[in-house]
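Alright, structures below, take your time with them.
Note that chain A is present in both complexes that follow, paired respectively with chain B and with chain C.
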Partner chain A sequence: MSNEWNLAPAAESTSSAEIKERYELFINGEWQAPSDGNYFETISPASEESLAQVAAAGQKDVDRAFEAANAAFKPWSALPAAERGKYIYRIARMIQERSRELAVVESLDGGKPIRESRDIDVPLAAAHFFYYAGWADKLEYAFPQRDPKPLGVAAQIIPWNFPLLMAAWKIAPALACGNTVVLKPAETTPLTALKLAEIIKDAGLPPGVVNIITGAGETGAMMTAHKIPKKLAFTGSTDVGKMIYKAALQGNKKVTLELGGKAANIIFDDAPIEAAVEGIINGIYFNQGHVCCAGSRLFVQESVYDQVLMKLKRRMDQLVVGDPLDKNTDIGAINSKSQLQTIEEYLEVGRAEGSEIYQPECELPEIGYWCRPTLFTNVAQSNRIAQEEIFGPVLAIQTFRTIEEVIDKANNTPYGLSAGVWTDKGSKIFQLTKAMKAGVVWANTFNKFDPTSPFGGYKESGFGREGGIHGLSAYLDF
Partner chain B sequence: MSRLNIQKTYKLFIGGKFPRTESGRSYSIENDKGALIANMCHASRKDFRNSVVVARKAQAGWAGKTAFNRSQILYRLAEMLEARSASFSEEIQLLGSSKSDADKEVVDAIDTLVYYAGWCDKYTALFSSVNPTASAHFNFTVHEPTGVVAAVAPEQNGLLGLVQIIAPIICGGNTTVVLASNTMGTSAISFAEVVQNSDVPGGVINILTGVMSELTPHMASHMDVNALVIARIGLSDESRDAVIENVKRFADWSTSEVDSNPYRILDFQEAKSTWHPVQTSTGGVSGY
Partner chain C sequence: MNSHELLGQLRVTPVDQMGVIDRIARIKSRSIKKEAKLSGLEKVLSMIDLTTLEGADTENKVRQLSYKAMHLHDGYDGLPTVAAICVYPTMIKVAKQTLAGSGVKVASVATYFPSGQADMDVKIAETRYAIEEGADEVDMVISRGKFLEGEYNYVLDEIIGINELCHAHDVRLKVILETGELGSLDEVRRASDIALLANPDFIKTSTGKISQAANMHVTLVMLQAIRDHFDRTGVQVGMKPAGGISDSKSALHYLRMVKEILGEEWLTNEWFRFGASRLANEVLMQIIKQETGSYQAAQYFSKD
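And now, the complex of A and B:
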């Protein structure tokens, strides 16, 4: 049989996605032009076409945003908590109502497959607002013998891998706890956060409660150095996270950091192999591997190594790389040109270190930023591709014989965000999940997220939790 | 004929042993009349680093004990301290405290140990959660120890201040290297004798005496220390900022008096969320 049975194109219509030519800054409930008059382009990484001009916030804009948030804090925190919660419920509902549009824009701006933005990013963002809305009038039950109070203004900086979802993770608990916020999305993916600003305006939130400003790292630095915020919340790289931690210490601000990772995904010989292979694929190729908790280090018990590798390669051969807006696409576009360069450098590093590379021979579009799903075998623990966060669809495979050996290897990293373990034996699951120095451990599953489940790291993957009851204390003063 | 009494040599407490500082340095503690009370070890950076090595070695074993066992060991510390309360009171009085103040400091230290002994097997139940995810998963969040904690005890209340900072750290399965009070550290080193007699494994509690400004830069920057807690004012900004190098957890307890509550334990805990799928039966439903 020939391999002509290719999937027919199944492109999602973009007609629902209205993108303005130019976006201003959302400050004090209004769209305000940047005082320096600077704008930057946001492009589609799949087509390299410009999607919109976006305002670059300078110092005066950052000042205005924090002043608006500061002025809004007193009345917002003084609202009856149930009323505060109802505003947040409204946001959740409006995200659901505009879910199709948000999903399309997310995939256009960031390059992720529409299947993921439609089924994961947008529903989870709505669920996050819905979950924390309900906490607003129940905070005193969460902390026995304590008197929880809002902190004030929060400065929040989020990355480009889950733009809308990270905005939800940051804004929802902050508002529920009675704070006001200034949020900055990443410069390559500002559009869904700006759509969220439209929703927040439509929901009738009092002006200044949520301010969304756009810009690059310099704008972020102005935010973290600013006098007004009492709280810094950051998701992103460990290097930038350390700078933000320092700014927080120097400014005597509360801080939570959700930083990089290099998760171990551990397959034992008694694992359900077919399910484990799906878990490996989902662990590292979900969202092009642009996931801080990606299962980028695979540890396979020696006795099943050949079998797992064969099935894994066969599964990789079936992955569809291409148009993010095609519903059949498994792996979309790499988020930016610079990230593609970073990934390609690591591919070179892997080869140079003596590891063997495997990539399926799938066709790639000629325009846009693409990377085939990649795995490396013959990887040593000390190799850079086994130590450093690549943030791309690149898997480093190692083998092990004993439980003790794999626990040592898995924990031998400065990171500690997540881990995965696959085995059919319950007691072994708990031995491993207890031994992993990681904030999120998936057993016989991977890359699952839920607003009720706290997420965050050990060690240099940061501290503080987002989600669940534990996510509240990040935004409260006691 | 009057008998010449035997004075105690105060040393460091590292890995369950009482070594002198490797630096050979000392400083003196005097009472308010200027009389010599003791020559104390002036611990060096290397003493601190050696302490971290043994604290790290001891950490997995300590965290791996059952919570009930840790609870009994903390209670044992209280028992041993109670038995020696008179001598601790006298030792504290030598530094100028009144008898009633010294007695109170000792009983407060004992009661603090009993308080946290009780928390060992309870705080996880109080602060854990089972999370009702919107998918077929069993998902729960529990706390685990952060690891090795470097600590600076308050300058006042050499015994009580030390106990108030050590107890919540070790209650939660961490090991610690703690810098005791500089001017009131005699009772802290005597407390090490209590530790040694209480089934606390060597390396779980390590106690140094010395100079805060000299040791805190190394406490903050050490890459194998997971958390730093300061219960004494005077930490320089430069020293503090070094905690960023390995994203060390930092707790500042210097701004108010240290009280006892279970939230102190959480300053040295990490929350772990564990997921597992739940099988759902898709077979036939009963039909009426």
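And now, the complex of A and C:
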């Protein structure tokens, strides 16, 4: 009997995922054709095949969406809060009922492995709706003596890395607080947000409370410049975030921005090394590294560096790269051709700067956008790959000697979204977490999310918090 | 090197329990289907140590079990035999006679199994008896009481003593840690590291005599210890989870774990075993299902 034992293909069935040929704009509870008659294609990054035609919203459509949201605001905010909660609970349950379909569509449209969309994205999206549904009639208790009031209409723009989950993060607290919303998913991944629109329609939400419009950056700019929204909520790149901040200042709007990151993941020599290696993997290769809080800068204490590097490489060799719909896939397709080019440019930059690259020798499919899990050693703080957000499965590894040194280096970045620390010593965890300028610090774990836990950044990673009670205050006027 | 010098090399390797739970969840999310399932199940069969360790064991019982070891399901061609029969020392002779020429090994427990509460001389004498009776493999227990007292030298000395005796007679040694009595994964790791210092042939989770037998968590920690030992010394040591593994799906998850932590070099019954009595029929049922497309009822599989 040979020792060889490989996994057989285990593709998730796509029969549950019904994708229409063409999607219109979801405005005022109805599917409306774009006034300019423009549509764009959304493709599967794994097969490069077109999945659907999607409406491109122009100025008139944006106007209609905000007017619908504005008209819906008064009756919606005047509803008894418990009734609002019921609608949100209904959305949560319907996401659970359609979870398989949503997971398949998410993986088709965005390229992420079905293991993640099934086990993380979709359940967490439902959890956010459940969580904020519970708050709807308890706002007085969340903010005693502060008389919380809804803001009005919120304009929400979300990225392509967690399309359904980010929609849930944005919509759930806004509705719980009595606001109405106009939401735009990213142009490369609009399908699950449109599926969510179907759910919202089926849930019987009053027309105009949630409007979901699709389009590229121009549509987003029309939204942020619009006079109706009282609140701008954005998750995405720091460059776009800066433009949105400007628009918010000019329009006197409340704003929350959740932007880029370049998180430090710090391994001390007394860490549980096996768990830490797994945490490094989860930190940077989760969702192809398309994660704003990804642990893309690894700091390893010098005395365990060789051991960690050996184990890390061995673990990388185990990762399965390929078909996002295969249940055994660990790393799926890069979200878009342009993102793949960006990542490949950074791989060249890393090589040119003299860093050493390591990639496992896994086979890649011929069609589609793929990048092997990558790590760079021989990296310094002054290297671009250690400074700039790559937003791909690329890890830059540095070593350190003392806790002071690593705190200094970890904070030496324009970003401040997240960080991770690995040590068996509790006191060291507290010393480090207090010193880190990062919105989230994970101790002996990484990339764990929960609706009760606030999430957000410092510095160029943005401001405002989503999740938890903090996430409510972003949608309330006091 | 004596045990003092060996223990001086021992490094404390912390284990994070949540990390272990996450890693296991990730391994269990692997989908093992079609040809991977069938070839995996056949591997599992070939890795089983078919076990009977009862006060009520008789020669006939051991004969019947030995026959089963060689003829798992004669209605189906091409099945492997199990790896070994695991019995008490007094049953070695009858097992050897029945299994003669079949390639199925005879493993015997020794060293005052299952408690290990005996003097070293008694343990050596029992091990020698097992070897003289013809055991191919010996499954010893460590002194958990001494381990929990912090008498690591004592524990290691015992393992070294039994290991030298076995290896002098070309008998392979499995060291049972009885992880259910050690209290935490950190202690499982420590016990594994101590046992590995002696370079035995296998480390093994459990006696099967207490309710907390093998699970994937302790097995993962032990596999990691084996991997680190191999990285440091180049000495390959096998692994045997025992007790509590009774369904084929779990068995495949164990195999996957071995492959991901140790690699394919360990995916043979020379280096990986399941200590189990009920698992064989469960696996057979699944193999027949894979081949014929329908489950057969339990009455079609022999119970020995």
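Basically, the second predicted complex is superposed on the first by the 474 of 478 C-alpha atoms of A that agree within 3 Å, B and C clash if a C-alpha of one lies under 4 Å from a C-alpha of the other, contacts with A are read in each partner's own complex, and residues count from 1 in each chain.
In the analysis below, a contact is a pair of C-beta atoms (placed from the backbone, for glycine too) under 8 Å apart; a residue touches a chain by one contact, two chains touch by 3 or more.
Not measured: the values here are computed from a predicted model.
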| item | value |
| --- | --- |
| Chain B versus chain C, judged by how many residues of chain A each one touches | B |
| First (chain B), second (chain C), both or neither touched by A:N6 | second |
| First (chain B), second (chain C), both or neither touched by A:N444 | both |
| Partner chain in contact with A:A65 - chain B first, chain C second, else both or neither | neither |
| Partner chain in contact with A:R465 - chain B first, chain C second, else both or neither | first |
| Touching both chain B and chain C, residues of chain A | 444-445 |
| Chain A contact footprint on chain C (complex, rising order) | 13-16, 18-20, 22-23, 26, 29-37, 39-40, 42-43, 46, 80, 224, 231, 255, 259-260, 264-265, 267-268 |
| Chain C-facing residues of chain A, complex | 1, 3-10, 115, 119, 270-276, 278-279, 282, 310, 318, 327-328, 424, 444-445 |
| Contact set on chain B toward chain A in their complex | 126, 129, 131-135, 137, 139, 141, 144, 146, 226, 237, 240-241, 243-247, 249-250, 261, 263, 270-277 |
| Residues of chain A defined as touching chain B within the complex | 127, 144-146, 238, 241-243, 245-246, 249-250, 257, 259, 414, 429, 433-434, 436, 438-445, 448, 450, 452-456, 458-463, 465, 468-470, 478 |
